[in-house]
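Two complexes are shown next, each including subunit A; its partner changes from subunit B in the first to subunit C in the second.
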Partner chain A sequence: MKIGEHDWHLEPLGKHIWRGRMEAGQLLALSREVKEEGGQLIALWGSDDRHLAGGFGIHAALLTSSGLAWVSSALAANAPAYPDLAHIFPQADRMQRATFDLLGITASDAVDDRKWLRHGAWPANVFPLRKDFDASLPATHDTDAYPFIRVEGDGVHEIAVGPIHAGTIEPGHFRFSVIGERVLRLEQRQGYTHKGTEKRFEGMDLATGAKLAGRVSGDTHSAYAWAYCMAVETATASAVPERAVWLRALFLEIERIANHLGDLGYLGNDVALSFGFMQFWRLKENWLRLTAKLFGHRYLFDCIVPGGVAMDLSDSGRAKLALEANRIETEVRSLKAIYDEHATLQDRFANTGVCKPDLAARLGLTGLAGRASAQAWDARAQFPQAPYDQLDVSMSTQRRGDVLARAEVRFTEINESLRLIRDLLARLPAGDIHTPLKPVQDVCEGLGWVEGWRGEVLVAVRIGADGRLDRVHPHDPSWQNWPLLEVGQLGNIVPDFPLINKSFNLSYSGPDL
Partner chain B sequence: MSTGILLQLAQTLLAILLAPLLMGWVNQCRAWLQGRSAPPITQPYRTLKKLFHKDAVIAHNASPLFRFAPYMIFACMALAAGIVPTIANDLPFSPAADVIALVGIFALARVFLALAAMDIGTAFGSLGARREMLVSFLAEPALLMVFFTASFIAQSTELPVIVATLAHREFAIYPSITFAAVAFWMISVAENARIPVDNPGTHLELTMIHEAMILEYSARHLALIEWAVALKLFTYSALGIALFVPWGIAAQGDLAALPLALLAMVAKLLLGGAALAFLETISAKLRLFRAPEFLGTAFLLAVLGMLIHFLLEV
Partner chain C sequence: MATHLILQKIFKTGFVSEPAPQADLNLRTREQALHADILKVFGQSVAIRHVDAGSCNGCELEIHALNGPHYNIEGMGVKFVASPRHADVLLVTGPVSRNMEVALKRTFDATPEPKWVIAMGDCGCTGGMFGESYASCGKVSNVIPVDVEVPGCPPTPIALLQGILAAVSKAKKTAS
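Showing the complex of A and B:
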């Protein structure tokens, strides 16, 4: 496959997915050419390959004009290092720091080498994702020195918020440097929900792995489970029945609608318009209850399994789903009219938390928030996997990049998802919903790439010769988008932060692996 | 005189005991208007009971002021509730303070609350105190202007005289009072930390004004502050009633009119509470820096009321 001027010798791994290996030094040149043609770095992770007669490995997933390129480089077993990519793709910064915390692989010459996931919970010279990690070691209770970047000047002071908040929400620390109410700088610190997910995958059988993958970030269950299954099915070269693939798309769109409804309600709540909150959450609750009735779980947990799906849809269920989809469409239309005509709400939403398109492109804003800042990427539209290649998804974009734009994208996507659901229901093919996976012969690998409601979800899988998982890396779009929240807050006032934060609604659990 | 003192005591006690009920009523109306099932009207009492049964947690670096402030705030609000005529007019306490002193009593409570908020030294306390001062320094002059408009009509700043003039002399319509009433409504919303200036129901610490100041309080201290908040809402409602719809308040010494006065007050509070809930439901919270515009409008309306008094009514 050619990117820029060069042929990088990438082989197809799946539909729109390419696989290649190269020297660590070449990663820089490749990244530059991808950046040149307008591509992005999606994910960066490491692996311990010493048991496979190698050293360590560094992996990058790059979005290019011809699809997703997964490139890897072998690194030495002693003092593994690779060139810093953060100066080309700033979104790599936190991923590089996390990779060091877990595996001890260094990005040479990286500007920022503060800890990201460690939080003093294990000794500094121990790396838990290495295969020779001894889990019986007692936990340490160090405190990391974590210097925040200080803003100096007359009347500047800091407000430290979290990781424990006044409400029951996920933990994250936000350090505001403010003058009066105006925010001069915001810096986040995360990693408080690090729970060793990637380590837990090691040695798991393929079916249990799907359950864990789905639980990386609970609100994106279907996207993760599908991406994981796609990766495992690619690795084992197993085929999935057509009906199962269509049902997976149905689950994904159901999940998207549930989350968008919830977020639109929250956006109303954050400007104290509880009416909007209650109405959207009524719609969401009805939607979840219907989902529970049809598929046995409100959030569709464990409906997607390797080789197909676990729950089928009956004809009566099909009718109920279509009916509820119609009802949601009507109600959302009237609620949108209320939001559109509410002067105070519009005043709060418009020009708040702006991420300009050029900045969004430079920092790699992705997914829903990216589309609200003119980053027109949607894997369902540009690089569709089955069955989206037969559905002709229309992408919704905005240019303003403010809270209002992100709300608008959600409204448009709800309508598009409802249309897709109707289409999926009408054309749902008959047949089996599950075929067993082919047995694993040797070490094999695969990658899954699914457009979840928040953005693209990536799961890379390597299966050992014994048929058990050897290395799984789930990647959440929140990795790229959290730093943009810092940028979007600049120049806004402190009391607008919760609103801006909610308009992104990023995951803590997803990146805190 | 002794009946006067008895009446005064009864009225003050009634205000203190029934204030949470008004809060409960407003919350109930809000819930209904949002389309959800409402908490019982007695919910604020249950919250108070719960809080009084808890052990207080106080920061290590809290000064005595922090412990003392809730009692001070509660006392100020109870005093204010005693001064404003709710059922009977011209009770023994009334001459103790005129409307200007009343504004001072509210200010005293606020100063203690803001000082206590800054006492612990957390970011949120000072954040809330700063915002509260921003809101109140704009609201106070506007409130004084409203009182002056009423005082010009009654030729006195004493509340009993104002009430007697408006309620018990010949029935007259004052255009100036209408302007003052709208201004008073806007000021009350801001002073009582209601939507669109503040949101009493939020858990988002960065957006809070009043709630941010009391984040560090717990147990009996928090209970007293919550009770004082309910009392403040009650007192402002009673003030609004006394100034703008005083009909029904019993004149001095008119014991026979008391039952009717009680009924009239309950009806007015029910209506006022429902109206507050309705306006809160349809509005969203203003961006913080729009609050000065909101209160500036209130000030302007109050001044307009005064001008109209001189143009049309003198």
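Showing the complex of A and C:
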């Protein structure tokens, strides 16, 4: 596969997914060429390969004009290090720091080498994702100290918020430096929900792994479960029945609609239009109840399993879902007319929390928030996996990059998902919904790539010769987007933070792992 | 005009709120002394502070849903508040991550007596899929005392409401 001037000798691993290995030094040249042609770094993670007669490994997933490139470099067993990529792709910064905290793999010459996922729970010289990590060691309770970047000057003061917030949201710390009400700097500190998910995967059987993958970030359950299953099915060269693949897409679009409805309600709520909250949450609740009736779970938990899906759809269920899709479309249209007409709402949404397109491109803003800032990437449209290759997804983009743009993208995506659901229901192929996976013969690997409601979800899997999971890395789009929330808040007033934050609605659990 | 459209929509929608479910006393894991006496003082109102101690955010989806129009919790006297200092009940989700252990203990200490703790979800009740590890303390009762456990992944809003009502119900759990 050629990127820029060079052939990087990448082999196809799946549809639009490429695999390659190279010297750590070459990662830098590859990253530069990907950046040059307008691509992005999606994910970066490490692995301990010493039990496979290697040292350590560093892995990067890059979005290129030909699809997703998963490249890896072997690193020494002693003092493993690779060149810093954050000066090319700033979004690599937190991923590099997390890789060090978990594996002790260093990004040489990185400007920011502060800890990220490690707070006080384990010592600095211990690395939990190493295979020889001794889990029986008693937990330390070191006090967590973190060097925030201080803003100094006349009249500057700090507001420290969290980890526990005033509303029902996940825990994280925000440090605002402000003059009056205007924010000069926002710095995030995360990792509070780090619960050892990646370590938990190790040694797990493939079916249980799907359940855990779906719980990396509960609101994105179907995207994670699908990406995990895609990776496992690629690794074991197992085929999935066509009907199951179509049902997976149906689940993913049901999940997207549920989340977008909820967010549009909360966006109304955050500008004191509680009418909007109540109306959108009425629609969401009806949607969830129908989902539970048809598939046994309000959020479709554990419906996607390796080899297919666990729940089928009856003909009467198809009719009910199509009917509800029509009803939601009409209701959302009438609510959008109100949001469009509501002066206070428009005033609060427009020009608030702006991420300009050039900055979004430079910092790697992705997914729904990226599309609201003219970052026209949607894996369902550009690099469609089955069945999206037969659905002709229309991508929704905006250029304003403000709260209004992110709300608009949600409105358009609800309509597109409803259209997709109707199409999926009408053309749902007949047949089985599950085929057992082929048995594992030797160490094998795979990658899953799914456009979840928030952005692209990646799951990389390595299965050991014993058929159990050896290394799983799930990647959440919130990794790239959190730093853009810091930027989007600049110059805005503190009371607009909840609104801007909600317009991104990023996951804490997803990147905290 | 927006006001006209809003009023039209409200009248067209009508009432969607549903009757409250019964308390499920079987979810109680602990009986506090003077339970009934305390409730005489509380009357029919209870303030809840939610703490995500490491959840996957699945349980949070259902707490949000509980605030929607179908459940009408404020009509039952149940209100979510912004500070533990205003709360009667702590609603804790997730396996308690080690990075949240101190924050959870401090929140518990900041909640005035008398107080109840509800552990929500399979992770909060047992540690769930995440269990105990270098990064997770497991179930909520490993870190602070728990009065009611509501299992489920995630528990439905109705199950959660039954748990909340069990925490503050005057009835005693019958020995089973």
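We take it that the second predicted complex is superposed on the first by the 511 of 513 C-alpha atoms of A that agree within 3 Å, B and C clash if a C-alpha of one lies under 4 Å from a C-alpha of the other, contacts with A are read in each partner's own complex, and residues count from 1 in each chain.
Heads up, the rule we're going with is that contacts are C-beta pairs under 8 Å (C-beta built on N, C-alpha and C of every residue); 3 or more make two chains touch, one makes a residue touch a chain.
Owing to the predicted nature of the structure, the values given are computational and were not obtained by experimental measurement.
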Partner with the higher number of touched subunit A residues, subunit C or subunit B: C
Which superposed partner A:314 touches (first subunit B, second subunit C, both, neither): neither
First (subunit B), second (subunit C), both or neither touched by A:167: both
Touched partner set for A:199, first subunit B, second subunit C, both or neither: second
Which of subunit B and subunit C A:348 touches, first, second, both or neither: first
Touched partner set for A:271, first subunit B, second subunit C, both or neither: first
First, second, both or neither for A:279, with subunit B first and subunit C second: both
First, second, both or neither for A:221, with subunit B first and subunit C second: second
Residues of subunit A contacting subunit B in one complex and subunit C in the other: 166-167, 275, 277-279, 282, 342
Subunit A contact footprint on subunit B (complex, rising order): 30, 33-36, 123-124, 127, 195-196, 199, 201-207, 215, 281-290
Subunit A residues within the subunit C interface of the complex: 119-122, 128, 133, 135, 137, 139, 141, 144, 163-164, 166-171, 191-197, 199-200, 211-212, 215-219, 221, 262, 275, 277-279, 281-282, 284-285, 288, 298-299, 301, 334-335, 337-338, 341-343, 507-509, 512
Interfacial residue positions of subunit C with respect to subunit A in the complex: 1-2, 5-6, 9-10, 13, 16, 50-65, 67-70, 80, 82-83, 94-95, 97-100, 102-103, 107, 129-131, 133-136, 153-154, 156
Residues of subunit A touching subunit B in the complex: 158-161, 165-167, 181, 268, 270-275, 277-279, 282, 342, 344-345, 347-348, 493-498
